[in-house]
Each structure stands twice: as structure tokens, then as C-alpha cells.
């Protein structure tokens, strides 16, 4: 997004334009690089099966990360998505007995509400987003446990129901969730780049005061992003439940960190005011690839797995930053 | 984060009640703690006993220590997610060197903290990564490393000197509590009274300006993260001593959240440019009391978590900066 | 490098001591056979076997479990053993299994993280006609269709036996505190139900005064116990749903000037060496074993399966119980 | 002319100060109303009341004949009041075009933003103001002056009934100032009411119809500007009698300095950075004030930043008192004895969360502390000294600097650099937003420092100041030295000619 990434000077030449291009797509470059290496190193990496796996595995995180990107661009953060994701799954599985629509609407309603509450608290009472959504994290998890009797009962999705197919069906090898994820990203991109609301996200994230002095409805914008984040986390949870055909109670722990990592790897600034969805998508896929590669190596014991993925993370982010280097004049 | 823009800009409207608002964040926590103490005194059996209060202090000590380091990092507009893993790392190295005696082992553990802190600092200050990802890497890798060192095993410890730190009293006060208190005082002084402390806060307040004013931005940042690492390592040592065992798999899980919460509940803005030490200590105490209360009244996990959420919100709400005009 | 640890007896001499023994191989005609499952015959020696572990190998149970699988595979000379670890994330376990299938695994041993939710992974396996053996945790799916069979303990049963052991230790009187496992976890649920129901049934004299989670971790167990013993000094018995929390409780009780094992009776589940040692030292009263050494049983079951003989839906193993009478001798067998 | 906006007996109190005390002022359609006063007199506060940033403690605001209470800037804008704030309040990371059109972007099919059109419009709009920049580039790649023009363009391009300008010219060049005035006249022609705040008196006389003088939050005079001469106006602002003001004169530069003699203390050679600076070289001798002249965007600020290493360069070296700086970094520069007072107060200057005291001693902290422990006593000495010497108006040294008025913040920063007692002092717009009284003091100060043998580099968009202050003026154009004026050539006319660079200025 030209309008979100600092270019070297006011009147850049061709080389700058090229540099800026790489900058914008630093994450993509790293992704392609990584994938290429992996394909070379592991015969079974490049296979169609494996591609399908990575795609479907990443699609849920992708949907959550989309919401997170909106929140972070607007200068906030949302720690509650992990719990909300789990809650959405449980609710969806619970409602799936009444058919597809309830199975989607119930989680969206509840999770959207949680998001809205987060948003109102952040926007109206000047409490730090970190704390508000941390409370959201606890609250949603608590609610989940309450619904499931301290997690002792797991709701099941009726076999072969339309809802189940939504999560398990495939089209030319890729699961439906993959297409849904792509769809919401396309939509999100449009909103972010081509609507006033989208643009004002960048403004609010860039400088809240400037935004309000320019007469933008700051509070409303904030509430909207948290609402969106809640909705998307809920949607992802529901789809996941459909795929697992049950409302698993132990899901989503630490998901918020994955989402944040994906967003930031994608080149979005945590202080807000700049970011791209394409970057986030690359970030998500990068995490997926890292995970997959670790499994390709096989026979790594869990401790080494963490070490390796930590190391990968550093490498990726450092590479991304150096590619995305932007020198500031002022 | 969002409130950054708001709290650190000249244009931000400021109220007549400004001066109150400026101190109120501190008081917010104190009020909450007082309220909670009162509640427990009334409705919890055996709460106001020496033994119980000791327990609370002992349990909160490691959190306080980590939170102090975290407060410094947050003061620079950063955050350190790796503290929990550092605790695990410290716990993991301890037994490896206990053969040389407690002191060397502890020294090595602290060095581990320095190492992690240095890496974080370098990634943030030199490479220029955003703190949250920079430290996320070691949050993931650090614990893994700890488990590698201990090959996943929990080790029973028998070294008397080490265990003593966890269990002994000095003039009637548990050693761990004394250590935490001493550190709190020390950090308080550093922040208020030393060039390092002031420069730290300045950098958190406006990094560009600090750079132009010739402040050693990189050095200060590195030192801050190193300090945070050391504190976390120390907390890991104390927790291990208390546990009589080195348990790298579980030790310090979710510590980063507890620490950050303590700091923020204590009235330090995540936007940096300010460090409130006493508030941090009290913030940690508040969260400890909350947890204790919920356990003592044997609430099921579901209710407990929701209650915790509400209490955090209320505490921070009273403590928040009023943006009234 | 120049590390020098305390001389602690961490020489894990896992001889055949502590081998799993099967109690209910009710291998009726109803069992699952190669043909009824529709898999193709193959010889493990030149097969790629995949093992999906659920949690970090960061507690004795998981370490022992993974190790015994690896050892057995090596002993039998399996061509290639792929191992993955879901690090307690269900999503990851599904990916792990799918990844292993993508890498050409022909036989899968799965330690499920959760009883529900592995559907996609199982379907993927079924699609490739790859037999799946689940160990240590039963999953809610149809045996011999989604998976071949379940090998493992019965957690509800374990809870029951723990209750019995505690009743024996306390003569059916006193106030009990339960240190629960991680919330939302099937094991927690089962071990709790088994214990609570049994206590209700056969020890009206015992009252459960607290149920708080210790997340299966020692430090959490210690902290929770410290809180409980302060507010309820009258607690006389503790049921910990794993050994780690029990050991934490022991430290906590000592710290509070109590005498664990004597004035506060402690029973836990797992049978780790530290806990059994605790019995020997008299700080813990009884431990119900949950035997993690699935390697031999799993592979022998696999061989039976490929040799055409039917496999029962549930191959339940006998878990031993440790108490003061047998602890010393069976210490070697503990993991 | 009927009043469009009115403040009636309005008061606003901040902790420590009564910023506005029972102020009444009317703003009529089609008039340009000057609002003047010392730093901290309450001008910005008054404006923020009118635009809904603050709400008054007492009194009422009337707009278009009806009492109103704007709760948010949004309300004021909706009502047709548009504002250029004293501190540029735009979004550095967003494109110039977005900054112009945020919230009202041109929309095409399906109500989606039409970027192509937006960029075209933006470019067209800016070129009207003589700014030709890549409108897709982030705003932060522009100089402060250019940014101010963008803010102006934004404020004016919404059809407003009231336009408020709080020191709009504080970093504009004569050329841009003319542009601005052209715009102002057009607006007046359309019957728009304009409130104009400035410390540059000559500007007021060029375009303002009426004037209101604030002193310590009170209105001390309102009336047609023509009826007051400069001296009278100043004496009203400062609250001193005319005779006294006449004695002091309005600017305080002594004619010329005792011999720009001796070896140059600062040697700048061949500073080069693509698209910004190309081979800038010049010398500065002790006891000499060297001016940097040039058009908006000519790279004066860049030069200054490059010298202290705040702006990385590809080539070039800086020598201080014969010793060449090995690597250019602010810290190194300060150690070598160079201080830069940066141009952008908000972004590069103050640390808003910290007190006045700490902002002053920030750079000197190591010197004012023993073994890393700050010495309050030593600090207080310095702080008191400079707060007196610069007449900084603050409730106490412990007041948050962000609560000071614009001009006083500027003084705080000046103090920060002076208390380092440097060999070379680079001043980028040192009197920006400072009132006449203080301005004279600062100029006096610069003079004295030069007398004491300090080498001063002065960047000022106020030609008069530059000409009177500097003994020698190095003229930049498009990041290169194109001319150097010395002796009698140092005059406004010569400078005008030189900066225009034979008329071929970037358009």
C-alpha cells in the first residue's frame, strides 16, 4: 500500500520504487525463499498433499490474523482472540444441532458482542487495549468453561450435516475454509484500501489526536475494529469446530501470540498506522511453513522443535526487517 | 498502542483535575488492594493470620521481581515476552552447576538471564525489531532451550544452601520477600535518581528527540533488556529454590502476562515514558490477592477466570488517566 | 560443557520392570481384523511408522511413553519411525498426522491430545487406508473404522482406585482437597468423576472441601495447596490428579508445618519415580500407576493385526498401585 | 458585517494558570481578525475552545447567532469551522494526498475510494500553493514548511465559514507567505471569517482588518488594526509603555560582530545524500553568525541534521576546532561541542511526559550528575538560571512540558542546548512561534553568544531576522550551495534574489 509505507524521499527514482516494492513485500520474499529451500531440502514438501495441508492448517489462523491486523493498524491490540476462537467453536458445535444457520449465527453473535464490549471499553474509557482484551481473554475462557461444565462435556457436530461439510468439504483439493479465508481477505483488503473507514484506521493508528482534530469519528472506528476482530475470531472458531466436528474446549491457547506474530512478520507496525493484509497473509503462511518444515525434519524432540521454531522466527523477522528497511529523513 | 498518541502529545486536552488524575492511577491500585483486604478480613477464615500473609508475600515475590524488570522495559515503550522462558532457563541451568555449590550455580543462572536479555536488547536496539516479536522468538525458543538442557526432566534438588534461600527467614521475614523488597527500592532509586533511569524514561517518551539530544539510546535499551533478563533469571532461581526442584517445563508459564498486568494495573502506561515502581509492586500484590481470594473461596475455574477479568477491569478503570476537558 | 550436577540418582534403569500387562484382551470374534478394517498387509520391518505425541516430552509420563515407542521400534528394526509432537495444540496434532501421512507413513500410533476433534486426521488416514492405533487416551470415534483400537488405561477407573486408596489411608473419615488437572482436559474430567463418585458411594464420612486446579504442574500444586491449607487448616486428605501436584502439595504442607503422609494423607496418580520415592519416604500414602510404556504392547498389537488376528476395541492395561507395602521393591519399575 | 462567531465572557482554567479570564471576542463575516499576545497569553487555548477541543469553564460560545457547545472537533468542523493548528497535526506516515483528503476522499463506483482521482486532485491542489511533491509519498518526507502548506490546503479546501490559523507562517518562506495571503484574501472575498494568530507583526499589518490583543488571558484591546502602530501594538502585548519599547527597538541584533576573525571552528565539506544534499561545504568562524538561506525545501534543515549526524550521509566530513569527527552521530557531535536546535519542536524536541526541568537538562544530564547519580542541586542551578534568562513561563519547573504554550516549549528547548555551552550552535528556526518580546531576547542572546566567541549557524524563514542576525549567509538551493553573501551584500533584496536562484526556483 503506497499510502502506508514510508518511501525514502519526496521524489523517489526508479531504484527507490523498486526498493519500496521489495519493502512492501518483504514477507512475501522471505516466504518464497523459505518455500524454495524447503522444496529443495524435503522431497515431500512440495507435494500437492502437503500444499493442501499447509493451506487448510493456515486458514483458521489467517482469519483470526486478519482481524488482528485491523486492530493493530488502528494502534490497538487484541489478546482475547484465542479464547474467543475457542468459545466460538464450542458455541457453533452446541448450536449445530439446529442446523447450519444457528451454528454460524450463535458464535458470531456472542463473539461479536465480546469484541464490541472490548471496543467500547477501549474507545470510551481510556483503558489500555492490552488490559481490556486481556480481561476479554479471561472472560471468554471462563464463559467457555461455564458452558461446558468446567470443560467436562464436548458438544458434537452431527455427522454429515451441512455445517460439518462446511468445515470438511473440499474443492479441487483445498478445503472450503481455505476459500472462505481467501474471500474474507479479499473483502478486508477492499475495505482497508478503498473505503473511508479503512483509511481512517491508518489515521487513528498514526496519531489519535491528529485523527480527531481532522474530525474523524475515532471512537466509532475503534469499536468497529474490535467488533470485527471478535467476529472473525468467532468465525474461525466456528469453521474449526465444523472441521473437527466437535466443540473442543482446549483450543486457542496462545493463538493470540501466533496471530500477532503473523501480523508483525507481515510488516505491520505494532504502534499502528501502517500495515498490509498481503503481509499478514504471508506471515501466516510463513508460520505454517516453519511448522511444516519442522515436521519434515521429523524425529525432532519437542524441546528442539521449540528451539528451532524460535530460531526460525528470529531469522524470518530479521530478514523481513532488513528487506523492509526504510530510512527516515525526519 | 492507541493510548500512546493520546498521552504523549501536546495537543492532548488536559483537565483541571489533571494533577489528581496524574496521581490517581497509583491510588487506584491501593484502593483496590485495600478493598480486597477488607473483603477477605470479613469473609475469609484465617485470612488475617501471620502465616497467611506470609504465604501471600512469598508467592508474590517472584512476580514482583519479574514485574520490576518488565516495568523498566515498558518504560522504554517496549515489552518483554521472554521472561517466563528465562525463569525456566535459569531453573534448567541451576542443577547442572550445583555441583560447584549454590553460589556458582546461581551465578551461571543469572548469566543465562544476561545472555537472553542481551539478545533481546540487540534485536530491539541494534537490528531495530519491534520488541514484541523480538522477545516472542525467545519466548518460544527459550523454554525449548531450557528443556533441552534439562532434557525435559524435572530434577529434585537437595543443595541445602539453595533451598535455604527459598525457605529461610531473615529477622522474621522470608528471604525471598526481603530480596524482592530490596530490588523494588533499588529500581525505584535507579528510575528516579540516576542518569540511566532518566534517560530510559526520556527514550520511552520520545525516541527521536532523545537521539538528537545525544542520549546513548542503544546502550540504554540493551541495558534495560539485560536488567529485565537478570531479574527474570533471579525470579527463576528463587521459585526453584522454593519448589525444591528444577521444573523447566512448568516454571514461569504465563509469567509474562502476570508481570505486564501487574505493571499496567500499577499505573505505568504501555506507551512508555513513565515508570511507576511502587504501583507495580502493589499491582502484583493485587493480582496475588485476587488469585488467593478466588482459591480460598473454592470457586470453579470458570467463575474464577470471569471474576478475575472483572476485577482487573475495575482496578484499571479507577486507575485510568482521565481524559476530561 | 563443564557442567557438574548434584549426584542425584537419575540413572533410569528401565529393565523389563514395569512392563505393561493387559487385563482385558477380550479378543472375541467382534475384534477388528485386517480385512474388516480394509488395510493392506505389510511387514513393519520395511514400513514407515508414524508416532504422534500429544504433549511436550517435559513430564515423566510423556518422556517414558515416547522413549518406549522409539526403543521398541528400534528393537524391531522398523524401517523408519516419524515422530511429531503437538505441544498440547490440537490443531497441531491434526497437522502433524496429516504431515506424516504426506510423508508416506503406513502405520500410525497416536497419543491423542483430546478425545474429540481428531476427525480430520483420522479421515485423512482412513482415506489412505493407514491403520491408526490410539494409545493412553480413548477417542470418541468408531473403532475399526476411524481407528483400529485403543490401548491404555481407564482414567475413571484410576480415579476410583485412588478414592479407594485414600479411603483406606484415612479409614473413610476426614476433609479432602482435590488438586485438579488442567481445566477442560478429558483426563481431569475422568479422574475427577471416578474419584468423586467412588467417594460418595463408599465413604459417607469423607467430605470434599475444595476442588482447585493445579494444571498438572508442581509449582501450581504447591501454590494452591499453600492457599488451601491456610484457609482450611482442617484438611486431612489430598487427592492429586497427578504426581507432580502431589509433590508440590508435600512441599506446601511441610512449609505450613504440617506432616504430609501422617496428619494429611496424600494419594495421587501416575507412578513416577519421585512419587514412589515419596511413598518410601512416607510423605505420600499411595500412588495409582498410569503406565506409559506403550511401545512393546503397541507394536505387538500391530503385528497381531497384520498377522490377521482380530484386535479388541479396547486393550485395557492393568495399572499397578503403589503403597507403603510395595513401594521400595517396585521403585525400579517406576518411571 | 454581522458576527458569525462570538465568545462571550469565556474563562478556562488549567492547573496553575487561568489561561483565559472572562474573554469576549467577536468574529465577523468577511473579516481577517488578528489575535496577538505574548507566549502563553492564551491564543491557542481560545482557539481550541472555539473548535471544541476544550470546553469553557465559564461563558458561552455563539456561532451563527446561536449558542453552541462543540463536544468534539468533529462538531465544529461540521458547523463549518476549519482550523490550522499551531503544531502541525497531520499523519507523517500517510501519503500527502491522504492527509489532504482523509474523511472526504473522492469516491467512485460502489462508494469505493478513487485513488487515481484523489492523487490527481491532490497534486493539482498543492501546485496552486506552489508545492510540487509526490503526493503518494508519505508526508514525513516533506519539510516542515511544506507540511504546513499541506495543512493549509486541507483546511481551506473544505468550504468553511470560519477559518482559524494559529501561526500558519511560523516556518514559511516569503514566497509561501505570499501564496497564503492570496488565499486569505480570496476567502475574505467569499465572506469567510478568518482568525489569524501570528507573532510576525509585519504580516498582521499586511492582511488583518481588526486585532484583539490578549495579555495573561485577558483582552486588553480590540479594534481596527490600522489605528494602532507597531510600537503601540507591542506595548499592548508586553504591557510596557511605548517609550520603553521604542528604546529597546524591535529586533536586538547589534550591527556587526567584532571581527569574524581566526580559524574556522566548524568546517563542513561535501555533505552529500541522494535527492537531498549535494556536496554542501562551508566554514563557520568563532564569534560569527552564519545564516543558511534558501527556499522551502532547499535542504537547510537537512544540512543542519547532517552536520550533527542525525541524517545519514553518503559522503562528506565535518571538522570541529581542527579535529575531524570520525563517525557522525548526535552524541559524537555534542561531545565535539556542536548543538542543534531542531526545527520540529513536537517530533524532535520535547519529551512530552517529562517536566520542564528534565527537558532542559536532558542533554546535559551526564555533566550534571556524579557517578551516574543525578544531582538535583546542580540541576536546579542550571534550570533556574535559564528559566530566568529566557523568561520561561511555567507554573513550576516540575510542570509537564506538554502543558506549556508553544513559544515557551521553544524556549525550553533553547535552554536545553544552551546549557551545554557548546562551541558551535546550529539554530533551525530558533524564534519559531516566539512572541516579539521573547524574540528580541533570543536574538539578543544569539548576539551575546556570538560576542562571547561562540560560532552560530542560523536558519530562519524570517528574512528580516536572518539578514539582521547573520554576518554571512550561505544560500542553498535544491540541497546545494549556490551563493554566499557577506558584508554589504547581506540585505533582504540580495537574499531574495539569491534564494530565488535567478528565478528558476522549483515550481
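The first chain written gets the first letter, and so on, giving A, B, C and D; residue counts start at 1 in each chain.
Definition applied: contacts are C-beta pairs under 8 Å (C-beta built on N, C-alpha and C of every residue); 3 or more make two chains touch, one makes a residue touch a chain.
Remember, it's a predicted structure, so these values are computed and weren't measured experimentally.
Novice: Which two chains does the highest number of contacting C-beta pairs join?
Specialist: Pair with the most C-beta pairs in contact: A-B.
Novice: Averaging over Cα atoms per chain, report the distance between chain A and chain C in Å.
Specialist: For chain A versus chain C, the centre distance works out to 35 Å.
Novice: Using the average of all C-alpha atoms in each chain as its centre, how far is it in Å between chain A and chain B?
Specialist: For chain A versus chain B, the centre distance works out to 28 Å.
Novice: Could you tell me the distance, in whole angstrom, between the mean C-alpha positions of chain B and chain D?
Specialist: Chain B and chain D have C-alpha centres separated by 43 Å.
Novice: For chain C and chain D, what's the span in angstrom between their mean Cα positions?
Specialist: 72
Novice: Mind pulling the chain C residues that touch 2 or more other chains?
Specialist: 56-58, 183
Novice: So which stretches of chain A touch two or more other chains?
Specialist: 144-145, 150, 206-207, 209-210, 213, 301-303, 305-306
Novice: Which chain B residues reach two or more other chains?
Specialist: Residues 9, 11-12, 147, 152, 300-302.
Novice: Could you list each pair of chains that touch one another?
Specialist: Pairs flagged as touching, ordered by label: A-B, A-C, A-D, B-C, B-D.
Novice: Looking at the complex, which residues from chain B come into contact with chain C?
Specialist: Result: residues 44-47, 49, 51-52, 55, 59, 95-100, 147, 152-159, 167, 239, 242-245, 247-251, 253, 291-292, 295-296, 298, 300-302 of chain B touch chain C.
Novice: Would you mind writing out the residues of chain D in touch with chain B in their complex?
Specialist: So the residues of chain D touching chain B come out as 13-15, 48, 53-55, 57, 85, 87, 89, 308, 310, 330-331, 333-335, 340, 342, 346-354, 358, 362-363, 365-366, 369, 372-374, 402-403, 409, 416.
Novice: Mind pulling up the chain D residues that touch chain A in the complex?
Specialist: Residues 53, 72-74, 77-78, 83, 85, 89-95, 97-98, 102-105, 107, 111-113, 115, 133-134, 136-138, 140-142, 146, 154, 274-276, 297, 302, 311-312, 344, 347-348.
Novice: Hey, which residues of chain B end up touching chain A in the complex?
Specialist: 1-6, 9, 11-12, 81, 123, 127-130, 132-134, 136-148, 151-152, 257, 260-261, 264-265, 269-270, 300-310, 312-313, 316-317, 320-323
Novice: Quick one: which bits of chain A touch chain C in the complex? Just the residue numbers, please.
Specialist: Within the complex, chain A touches chain C at residues 44, 47, 49-50, 53, 57, 60, 144-145, 148, 150-152, 154, 156, 168, 240, 243-246, 248-251, 253-254, 291-292, 295-296, 298-299, 301-303, 305-306.
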